[in-house]
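For reference, the structure I am asking about is given below.
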Amino acid sequence: MLLEQTNQLTYQVTGTGVNLLTNLKSFGMEVSLLTSLPDNHVGKAAASDIRKYGIQDDFIYFNQHHHIGSYFVELGYGIRPTVVTYQNRLASAFCQANPESYHLEAAVMANDIIHICGITLLLNEKTRTTALELADYANRLGKKLYFDFNYRPSLNTEHSHEFIKAQYEKILYKADVVFGGIRDIKELLDISVNQEKSYGSQLEEGIQILKQKYGVKTYVGTSRNDRDGKHMISGFMDGESFKMSQEWPVEIYDRIGAGDAYAAGIIYGLNQETWSEEEVLEFATCNAVLAHTIPGDVPYTNVEEVQSLMNGERQTLIR
Amino acid sequence: MLLEQTNQLTYQVTGTGVNLLTNLKSFGMEVSLLTSLPDNHVGKAAASDIRKYGIQDDFIYFNQHHHIGSYFVELGYGIRPTVVTYQNRLASAFCQANPESYHLEAAVMANDIIHICGITLLLNEKTRTTALELADYANRLGKKLYFDFNYRPSLNTEHSHEFIKAQYEKILYKADVVFGGIRDIKELLDISVNQEKSYGSQLEEGIQILKQKYGVKTYVGTSRNDRDGKHMISGFMDGESFKMSQEWPVEIYDRIGAGDAYAAGIIYGLNQETWSEEEVLEFATCNAVLAHTIPGDVPYTNVEEVQSLMNGERQTLIR
Amino acid sequence: MLLEQTNQLTYQVTGTGVNLLTNLKSFGMEVSLLTSLPDNHVGKAAASDIRKYGIQDDFIYFNQHHHIGSYFVELGYGIRPTVVTYQNRLASAFCQANPESYHLEAAVMANDIIHICGITLLLNEKTRTTALELADYANRLGKKLYFDFNYRPSLNTEHSHEFIKAQYEKILYKADVVFGGIRDIKELLDISVNQEKSYGSQLEEGIQILKQKYGVKTYVGTSRNDRDGKHMISGFMDGESFKMSQEWPVEIYDRIGAGDAYAAGIIYGLNQETWSEEEVLEFATCNAVLAHTIPGDVPYTNVEEVQSLMNGERQTLIR
Amino acid sequence: MLLEQTNQLTYQVTGTGVNLLTNLKSFGMEVSLLTSLPDNHVGKAAASDIRKYGIQDDFIYFNQHHHIGSYFVELGYGIRPTVVTYQNRLASAFCQANPESYHLEAAVMANDIIHICGITLLLNEKTRTTALELADYANRLGKKLYFDFNYRPSLNTEHSHEFIKAQYEKILYKADVVFGGIRDIKELLDISVNQEKSYGSQLEEGIQILKQKYGVKTYVGTSRNDRDGKHMISGFMDGESFKMSQEWPVEIYDRIGAGDAYAAGIIYGLNQETWSEEEVLEFATCNAVLAHTIPGDVPYTNVEEVQSLMNGERQTLIR
Amino acid sequence: MLLEQTNQLTYQVTGTGVNLLTNLKSFGMEVSLLTSLPDNHVGKAAASDIRKYGIQDDFIYFNQHHHIGSYFVELGYGIRPTVVTYQNRLASAFCQANPESYHLEAAVMANDIIHICGITLLLNEKTRTTALELADYANRLGKKLYFDFNYRPSLNTEHSHEFIKAQYEKILYKADVVFGGIRDIKELLDISVNQEKSYGSQLEEGIQILKQKYGVKTYVGTSRNDRDGKHMISGFMDGESFKMSQEWPVEIYDRIGAGDAYAAGIIYGLNQETWSEEEVLEFATCNAVLAHTIPGDVPYTNVEEVQSLMNGERQTLIR
Amino acid sequence: MLLEQTNQLTYQVTGTGVNLLTNLKSFGMEVSLLTSLPDNHVGKAAASDIRKYGIQDDFIYFNQHHHIGSYFVELGYGIRPTVVTYQNRLASAFCQANPESYHLEAAVMANDIIHICGITLLLNEKTRTTALELADYANRLGKKLYFDFNYRPSLNTEHSHEFIKAQYEKILYKADVVFGGIRDIKELLDISVNQEKSYGSQLEEGIQILKQKYGVKTYVGTSRNDRDGKHMISGFMDGESFKMSQEWPVEIYDRIGAGDAYAAGIIYGLNQETWSEEEVLEFATCNAVLAHTIPGDVPYTNVEEVQSLMNGERQTLIR
């Protein structure tokens, strides 16, 4: 339904952090979210849903800013794309929270992996400071730092290229595993690669330079293509070496959250001792494929379902 | 859901005029609907929805006939067709409105283009008289007259072939742009073409005869085919010369209203000074393709979305 | 919700016959409906729901008139009344059914009680003929004939007073038990009573005259009053003698169908061998009280619930 | 349902202006709204709904601020109050619209009455400037200026008392008809009255001073009381002289919008040539009583319904 | 929607018997269900829905066991399978009903065909006894006995292979037409076939042995395959001789009930005097194809729709 | 809606423990639930909702019994009572859980108050053993034991009076605070009181005997009455001395869960150091009054709302 066609909305508490953590919890990891919510009925209801997802609420804070960031989704179908309309984010309790209102050190100490979404770098000074302090603590306390570019030019038109690049570079120097694309490498970080080579070669070359410059250990991401009227997705990873997953056809029920599902697959996979990087990559890609078939942004997949898809099982009914 | 499966209905104020005008408004044109509604809560709610679509209500009349034409739609899926069950139309405020209850001359004067749906020619004497008088005013006041056959044999079993043909001919002599198919030409108007030629050639030949006989300037329509398990649609137009659009695969969410979307695309396109007939045709066909993906009968597409499809952009998500 | 506020409708197959029979079935009687429905998906779905209510479908006929009578209900609240907007009824399969399309004699033979709603007398010649023939068969085959005035002036503006009165008189001469009010006696049948007496005395006097003139055995009905901001209902009955029930306060969830519930209570009660007329009257009134608290037109009450109310039990929760 | 209990929301485009204008339109007046909406799908959908209410959209502007003010309502029941949780308003397209982006003079010229809601005085500099300029134009162009205090201390904690008072005074000097309460007189405007007198006398005294000081012609408002477990409402008006309406019991389905309904009743009534002030007051109060029984904020009442209540008719069902 | 995503459930009274009988009724046969339901509101509502489907309720019994078997369905999409979670069945009124509580002989006498679902053989001693007595009566009274293996290993882990096989054999000796697959032949009945031959040859060989051993006249079933990313279904039948239907691509809206639709197609087809076995097989397969496109478990198809698909008509809209 | 009227259900994870703990959490206490759920999608969804309520899931266990206890609620209105239809409970994961599958000692150690619902004493041997062991641990580890009779004769028809009494006595000897009524005292525990005295005096006398015999410190409960067509509720408590709360009128939206709200009010109140018993009693009663106005079984009230009601504030709208 389009917004003009109905006065019934289905709402879901969501966001890249919530999506990723819910998926990791569903894979069996213990997860915790650091954020701020308004101290009113809307904020309380949001916290309830976050707990429902299995996310620990120890580092969720409530403050007097009464707003929560929200957006409207009109789900696409076939060749009609999904349309997302954002409402004000900057007035949100999250954006207005002072860095000192968090127990950042305690939060980092209580977890083994810290994952930061790049959107926080550009929202405002407060979220940026919080993100960078969090990264600092991660480095100082010897925790793994995962970072996702999540850079959307259309949502960030107020800052100069140089400013944006500088913020991303600050955190890249601290990060272990980075989620991004080729656009982030070439356009955001100004890394130049041989434009005449294939997409794969450019990617490999760019990642190589990025890893050396910033000391990043692993760089991962996805590619999307349309082939014979089908939407295809594949993943790439450069940890020990550069590799790409097979290309999977995607049937889209709900496109949002698939990128978070991919990241969750990578995080989970990299923390499985016996998995090769190839397995991790295939697992994450299959998880993203499955996430496209799930209504809503939050990817409710589990390990068994993903592996069943990886193994080529094609079930239509499970009793 | 089938009718037997639920007691929850979603209702939409619709009809070929409403669909077409809403789409034109969404393209940026000012539009007005001439119709009659019952002077009760149902009629008032219908007028509200018509205003909601952006259609001017200056020529909407209310009368004492308390009925509104309605139908039930059970949406199809895959190989299962959508089923439409009509309720009584003839008792409706629209069908029972006297031609003199309208300000026809004022309505024609207030608009640049007059579009008449052929269904009105066969409903009853009142709607037929209104339609023909409207066409007269359009000619006398020098306004462009668009006419859509919209002829469905299954809904018109009470009149003789000769009677039906005579009514259509009356209006064809006054029309500038006509929407129809090859069946209308061959079976309704008894225009004979070389049956041994291809579909395209028969169509071209038939249109040629029709244009000469009735003085119609442009004849447009669509063809549908199933190819490799896919439903395909293409448009044709004969204004300056005969041409056909490329064939587009169609994913159907809701089939109803796609023909009205095609007509809206043609009307909008023909009124764009800089567009070639080829562009108009491709625009209208793409608009029909998009309309199939929209729930409900009313095609909520805009120019940007249609052109993005024309240009081969394949987006899954717009933020 | 008002019609202008939503595009979601809940639909229910209903009508005075359906309401009354469903209630009688729920009381434990076997019931059958004689009617006609359109031979399409809408008619089939209606028949499904009628069977669902437990009503035998042996005398439900399908014909080629594709319309079904319908109305929209906007439920009231507190001092805001419920508003019913009727759509066309005369084009319905029921109104257009020829009397000879029914097996009237078989239908009467298969049942012990025949109940006719007065609305059929004024819809059109076809429904009137069917109703009168049915009454004839009931008399000839020795079945009890129940008749409900159900006369609503606002829905019957096309006939003269004399015509209407004549039709009602035809059937009153054949009826055993009649449902009506004081307005039917005084205004429709022109029976004059002493206007200076109380409402109760006028009613008693009027019924006395009616019973003698037409040979009716029992006349029953309800009165409504507002007292101290409360809506009150009471029933009256004149079989062996004239009596009125106690006055019951009514909390209204859905007003429609309460009259049918009262009639069902009377019919059921008169067929219980051991019940006094007082008990029948109190049972029917309590049934109407309960029916006001049930969503939708169809009164889903059972004997145990009604008697629990009669006995003054005030339960808030049954496990 | 409480927010924690559901993920289904019903949304309605609303606000004091929308509520009041919809009601006036439903009474038969032509109405127009001056506001700004975001130029995106959410803003377009809002404009659609505003048109649906019958409000002219000539003075609705779209700008690049992508936010729309919104709030969540958890409807109360019995002794449980309705709870409203506001989201950010200041980032809204309305609050961020520059005064010069409107055609204020044209808007005032096109209408006979200008109604301004006091909330705009305190939101920010832009809305305040727009409101005051609008009032200026109304005075200069000889249009009636209606003004509603609508002052809610809990939503205005950032300004000093003196600042707030100063803004209200600016507009009071220009206003003809003012909607407010006794609190506005005593606490906001610092008008001192004899505290030992009754509520009614204090009100009369306070209004007298206010009218003389600012040159206001008519001051109107409502009082609420709980009596015997019932919620009661009455209206007061001081135009020619001070008078109070009778006290009406209120059954609450949805409390929001009742104040706007009262204002609409006053505006409509004051513009009926033949109505006395007593009639106007009773009409407005009854309209507010009815508005409490309607789901949603927008009061869909019409003149006939209000007068039926005024006349003591107590209908439960209208067919 | 997944169970974790919503608190709104759509419920449907269903089960292999209900699905099959509803479909047969829709094909034009008179059908009756023998079962037991709880004597409470849930059981009564279930009986209402069964009547709604057009199934006679003469052999539906109510008993004091207050439970009804139920399951939750999370509908799949694309590569994500539908997941069914069963709740307790053994406590149900159906499983706890004593065989002597039914009028089995009367039920068999009142029908021409008796169809038994194999699930009843393994639920408990009571349902098994009832099933076997029913089969006995069918043989003794000369009625055709149809039997469906419906064997799901995952739901039957408590019995030994030998026990299960013995129960199935008891009924196979009495059955005329049997629905099953190759797994039932090879694994459940331990019939050995040449494993080196193709699937079709093994099937043909296995059925031959089964028919001879148990005296079964006809053995029918379906095969499913994934080919080129499409889900395919075909049927097989061995009555006069072994034959397979063409392979049909399947678009899945709701997978559940398709097997029952296939069985209904076979039963209906075998009872059409003029149909060849080939026609029966194609009809049943097309019916299963259509059933996949219908929401809910109950296959609401009719003869005309199935034959239209068989004949290769590809309609998108029926008016 | 009644069950026969709809196929849409709203489901809520509920039960006396869940209701009480959610309410306590909302009052600000940390709470934990000891229970068992099925290890499938239904059990996982239930656990999600329990977390959503803010209840710790450390002592929630999953086992292989795939059933969860459930019931259907048809909400009453006015004089029509709410009807609850229970489905099978004994097959549930909770009832089938072995006492040794819990870490009872750890659970008791981790909490300050242990609350046991009397229903567990009669379900089966397993739940009874678990309840009694839990009570033992509470005594041994010096934790306060709260116990709620929750005895419903209609749900416990299989045990003898002596057996039931014996089970309750076992736990009464260990309990500190007991929730019950006069029926529990007189009929379940066979405590005889002077029947000629008033209800209040009998209650006081009975509690006195109970407290002495079993060593219970505090006995609390509620009384319900209908007075002048209003449903009234009051609480009683005998800790330091016997006292009764004032009688409050109750408007019922949803009756279920009000008893749990009363218990939550008592538990919270008894743990507030500065509250007198009178305050505790009034707080709990007001909480129960509020709980009647909340949809669903779970009472989402907070301290501020309850105290506002206690203080006689009558708000209709909170912004």
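A few remarks follow.
Going by the order they are written in, the chains are A, B, C, D, E and F; count residues from 1 in each one.
Definition applied: a contact is a pair of C-beta atoms (placed from the backbone, for glycine too) under 8 Å apart; a residue touches a chain by one contact, two chains touch by 3 or more.
Listed by chain with UniProt protein names: A, B, C, D, E, F = PfkB family carbohydrate kinase family protein.
Nothing here was measured: the structure is a model prediction, and the numbers come from that model.
Note: the chain lying farthest from subunit E is D, by mean C-alpha position.
Copies subunit A and subunit D of the same sequence differ by a rotation of 180 degrees once their CA atoms are superposed, given in steps of 5. Taking each chain's centre as the mean of its C-alpha atoms, subunit A lies 63 Å from subunit C. Mean C-alpha position of subunit E lies 45 Å from that of subunit F. Counting only residues that touch two or more partner chains, subunit B has 2, 4-5, 7-8, 12, 48, 52, 83, 86. Only residues 2-4, 7-12, 40-42, 44-45, 48, 66-68, 70, 72, 74, 83, 85-88, 90-92 of subunit D touch subunit A when the two sit together in their complex.
Against subunit A, the residues of subunit B that register as touching in their complex are 12, 52, 249, 251, 253, 289-290, 292-296, 298, 300, 305, 309, 314-319. Across the complex, subunit B is touched by residues 48-49, 51-54 of subunit D. Across the complex, subunit A meets subunit B through its residues 1-2, 4-5, 76-84, 86, 152, 154-155, 224, 226, 229, 231, 252, 255-256.
Every residue of subunit A that touches subunit C in the complex is listed here, in rising order: 5-8.
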